[in-house]
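Shared between the two complexes below is chain A, which has chain B as its partner in the first and chain C in the second.
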Partner chain A sequence: MATTVESPGIRREWQRFTPRQRLIRYAFYLVAVAALIQSINSVDIIPEFLEDAPAQIVDLFARMWPVDWAYYPKTVHAALIETLHIATLGTVLALIMAVPVALMVATNITRWPALRLLGKFILVSSRSVNSLVWALLFVAVFGPGGLAGTLAIAFRSVGFVGKLLAEALEEAHKGPVEALTATGAPWLSLMLKAYWPQVQPSFWSIALFRWDINIRESAVLGLVGAGGIGMALDDALNLLYWDQVALTLLTIFSVVIAAEIIVTYIRSKII
Partner chain B sequence: MSTAASQPVAATRQNPFPVNWGARLGWVALVAYSFYAASLFELTWERFVVGLDNGAKFIGRMLPPLLGKWDLLSKGLLESLEISIIATVIGVAVAMPIGLLAARNLMPAWVTWPTRGLIAMCRSFHPVIVAILFVKAVGFGALAGIMALIVASIGFIAKLFAEAIEEISLKQVEAVRATGAGFGNVLIMAVQPQVLARFIGFSTYQLDSNLRNSTMVGIVGGGGIGSTLFTAFQRFDYDFVLTILICIISMIMIGEIVSGWVRKAFQ
Partner chain C sequence: MTAAVANGHATPARGSSPGRSLVLRNLRKEYTPGKPVLLDVSVEFAGSGVTAIIGPSGTGKSTLIRCVNRLVEPTGGEILFLDQDLAKLRGRDLRAARRRIGMVFQEYNLVERLTAIENVLCGRLGYVAPWRAWLRKFPAGDIDKAFELLDAVGLADRAGHRADALSGGQRQRIGIARALMQDPDLLLADEPTSSLDPKTSVEIMELITGLAAKRNIPVIVNIHNVELAKRFAQRVVGMTGGAIVFDGPPDQLRDDHLKQIYGGEAWL
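Presenting the complex of A and B:
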């Protein structure tokens, strides 16, 4: 063994991990395999449906083709514009709500633990509720339509934006802050002239990143009645017009890809 | 002004905070857009007040949460958990070779480009939309949810795997190659030790993400707790809705804590 070093009385063998680390790892592998086997055994899968699947997929594509292009100007275009508005306005609202929360959470700005805890609680509760659930809640409150979707997107994004913004604030250099404090600048000037220029690039990059995600998310909100292209998709699905479904999916796909290209382009310009 | 006249040097000093008119114009445009978009959604003060009133009623009907129907609840939550575990394991297993094929430092361009296209396609649809298609293909139930989440896992993990592989140090790859090792041995001895910890990290993140989405695919018939939640909403059983939401959130938070432990153990 090349790794064995013989010395008087002591026999040492190099090992990458300590026995404890190895034990933890093997325990993890064991639990993972056990969970998988247990899940496969108990999950409800109907074998007849699985056998039928290839035929169903062929049937699905046959029904989808040819795509019903006439559906686009009739319904999908307006719904698409609404989706874009939902995603954009939702992102703007999320940014407005996230800034104070981020200021509350950032350790170098807020030194009051109770306030920080409250901010953290807001961020975590925003993130742990799915955007579809937020949409269901707002549909129940404001009725179906784009407003419910916008608020769902905004409330869902606050946690994400606030967390990243707080991290950016915490990474800001102390130099400009101390310089401005030494001149006796008030709190607002400190924020605008010391912190804002430092966090501005990350602010815009977080905003763009979230906008890109929100375009994807707002496309499904219509399934629960919260407006946008999902409503057109839902209508077509309920009527089993698969050629219209295909058109809607194609539209969503192109918009998502276009948003990703735009975001990548702007990010490369501003950062 | 008087100081500038007595000391002409001071007048040439630049304003340290010059006014950026372009940025101001941008802000004005953003505000104008927000008002325009808000007007499209008829977001008026009146509607807001009515909404608040509705919201108060809504919360009133949610409280207290309905304690009961534990059978329905535990069955749905367990199915969501099972869907996410199976989908993560299969998704990671499929994503590994795909991620390897998309890594530009180990694979030629004619392999990486089509693979990257495939990954982008898997990522561009929300899992719930993919679930709709699979519900049509394989019928209602957990299987459709599992397949939709496998697609989502591939889109996310294969991309991160490819990036992790692209960031490895090539020295170890060269050292192993110099011993005359084949491609498989290079992967096992040079690539795997460098990326394993990050792979485990991505996989646990994906498990979290799948757990979240597995509670949602049920809305379109993909199995799990989502169908119970959607039905409770449609029947206006808001007290049961609150119970379901509390259970879902607790499950997701426990999942996050566990995956945090796993990531720590593998660091």
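Presenting the complex of A and C:
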């Protein structure tokens, strides 16, 4: 009978990391701690103000209470509606602008590298500028108000929507595209019948997601004069009417929650 | 190598229509330069009847068939069909030529989120303007034809079902209907039964060959199941290593040939 028993032999050692890796890891920890100490030093924390903070918070809430409900019908309601318009129109505009850019960027659709590079440049420039900065630019061009806000939202969203849409296009299955190519379908028919049905769920999902984000973003655009509820907030803050600030913040909070609920509901229904 | 090539080409069973014949001359394909997958293949396919191309995986069968409708770009050679060299066509002319060639795929390649009938109607996309396809306003004649084809493949009751709700065999039937919707002069089938069970495979092959024969459309089918090839084809082309090593009627296909085509003999 041949019994195969593994002979114990020499003891084998095992360690998760090589000495070199360990050295690198310790060096990393050291650098991280040094960076933390350096940044605490550089932010100039004033101890008196830090001690004072709890009292200040209590004071702030005291001044916010009771909430000035009468401010809502007077100013906040109209501003809120404008915010919703800015967010929705901005999102629609962004979707329209993002589709051609996404087609330019998707590697399986655009084979010409220069065009892809141009598309990527558009997407990156859109995303690298914060919507508040876009708003400042458009306020300078079109003057304060909802138009500047809408364009700010749209231009900031193009990068986001375009990038995600391009990724969805790239993930589309090649098979149906191949099959419809074989029928002699022209480019536009391929887009409409082979790609669009495949990216449709992603498209609506991206649109809803971005609308949700834009509701939040458009609420602060008023701080730089680009219309919406942020303007009401700005006025109340400048005049130190804390009870009105409280009302405006509560309104923004409720709208964001409502948008979240609506988006979740629609998403579960259509996708 | 020449020893295995059977004497002469098979004569198609029925009267051949020379207009629909396909001639490949020195067809060559290199995916990476210097490593040819197709070694200057020259072969003629008659204008009717079923030709089966057999051979092991990775031997260039699929590449050969995909070069015909230019889903794969040939590196060199000529593809003569309907009085033109398909290898030279571009843009509009290429699309016009593709409309004349139907294709059935191994993975069916249906648009999953469209209904069965819409997938069949997709066979007309080479003829119908994009905006009409977009608005789903296909000509009435096309819709009649789509229903007729759904009847022919036995799926008329599934017309409104989405493709992703159908079984593999049903999807392939839709794939066949879509290819025939083109009213093609040639039907290519790339491993149409490889993803199906044995019984469904036979049904699908019966459907392809039967419907094509009724319309007198020549069929070229890639298939690695030798039994199915022998049963449904009037001519068998055996490929190995990017070259044709057997060409003749199925009854001339011997174990020696299969040994040469697939290598080894333990499996026989």
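Structure notes:
In this text, the second predicted complex is superposed on the first by the 248 of 271 C-alpha atoms of A that agree within 3 Å, B and C clash if a C-alpha of one lies under 4 Å from a C-alpha of the other, contacts with A are read in each partner's own complex, and residues count from 1 in each chain.
We adopt the following convention: contacts are C-beta pairs under 8 Å (C-beta built on N, C-alpha and C of every residue); 3 or more make two chains touch, one makes a residue touch a chain.
Bear in mind that the values here come from a model prediction, so they are computed numbers and not experimental data.
When the shared chain is aligned, chain C comes close enough to touch A:L180, but chain B does not.
By the touch criterion defined above, A:F253 lies against chain B but remains apart from chain C after alignment on the C-alpha atoms of chain A.
By the touch criterion defined above, A:F209 reaches neither chain B nor chain C. Contacts of A:V141 after superposition on the shared chain: chain B is touched, whereas chain C is not. Once the two structures are superposed, chain B and chain C can be ranked by residues of chain A touched, with B on top. Of the two partner chains, chain C is the only one that A:L188 touches; chain B does not reach it. By the touch criterion defined above, A:V43 reaches chain B but does not reach chain C.
Looking at the shared chain after the overlay, A:T150 reaches chain B, while chain C stays out of its contact range. In the overlay built on the shared chain, the residue A:Y241 is in contact with neither chain B nor chain C.
Residues common to the contacts of chain A with chain B and with chain C across the two structures: 193. Contacts from chain B toward chain A in the complex involve residues 17, 30, 33-34, 37-38, 40-43, 47, 51, 54-55, 58, 78-79, 81-83, 85-86, 89, 120-121, 124-126, 128-129, 132-133, 136-139, 141-143, 146, 212-213, 215-216, 219-220, 223, 229-230, 233, 238, 245, 248-249, 252-253, 262, 265-266.
Only residues 21, 24-25, 28, 32, 35-36, 38-40, 42-46, 49-50, 52-53, 56-57, 60, 82, 85, 88-89, 92, 125, 128-130, 132-133, 136-137, 140-142, 145-147, 150, 193, 216-217, 219-220, 223-224, 227, 233, 237, 249, 252-253, 256-257, 260 of chain A touch chain B when the two sit together in their complex.
Looking at the complex, you find that chain A touches chain C at residues 173, 175-176, 178-186, 188-189, 192-194, 197-198, 200. For chain C in complex with chain A, the residues that touch the partner chain are 69, 71, 95-103, 105, 107-114, 122-128, 130, 133-134, 175, 178, 182.
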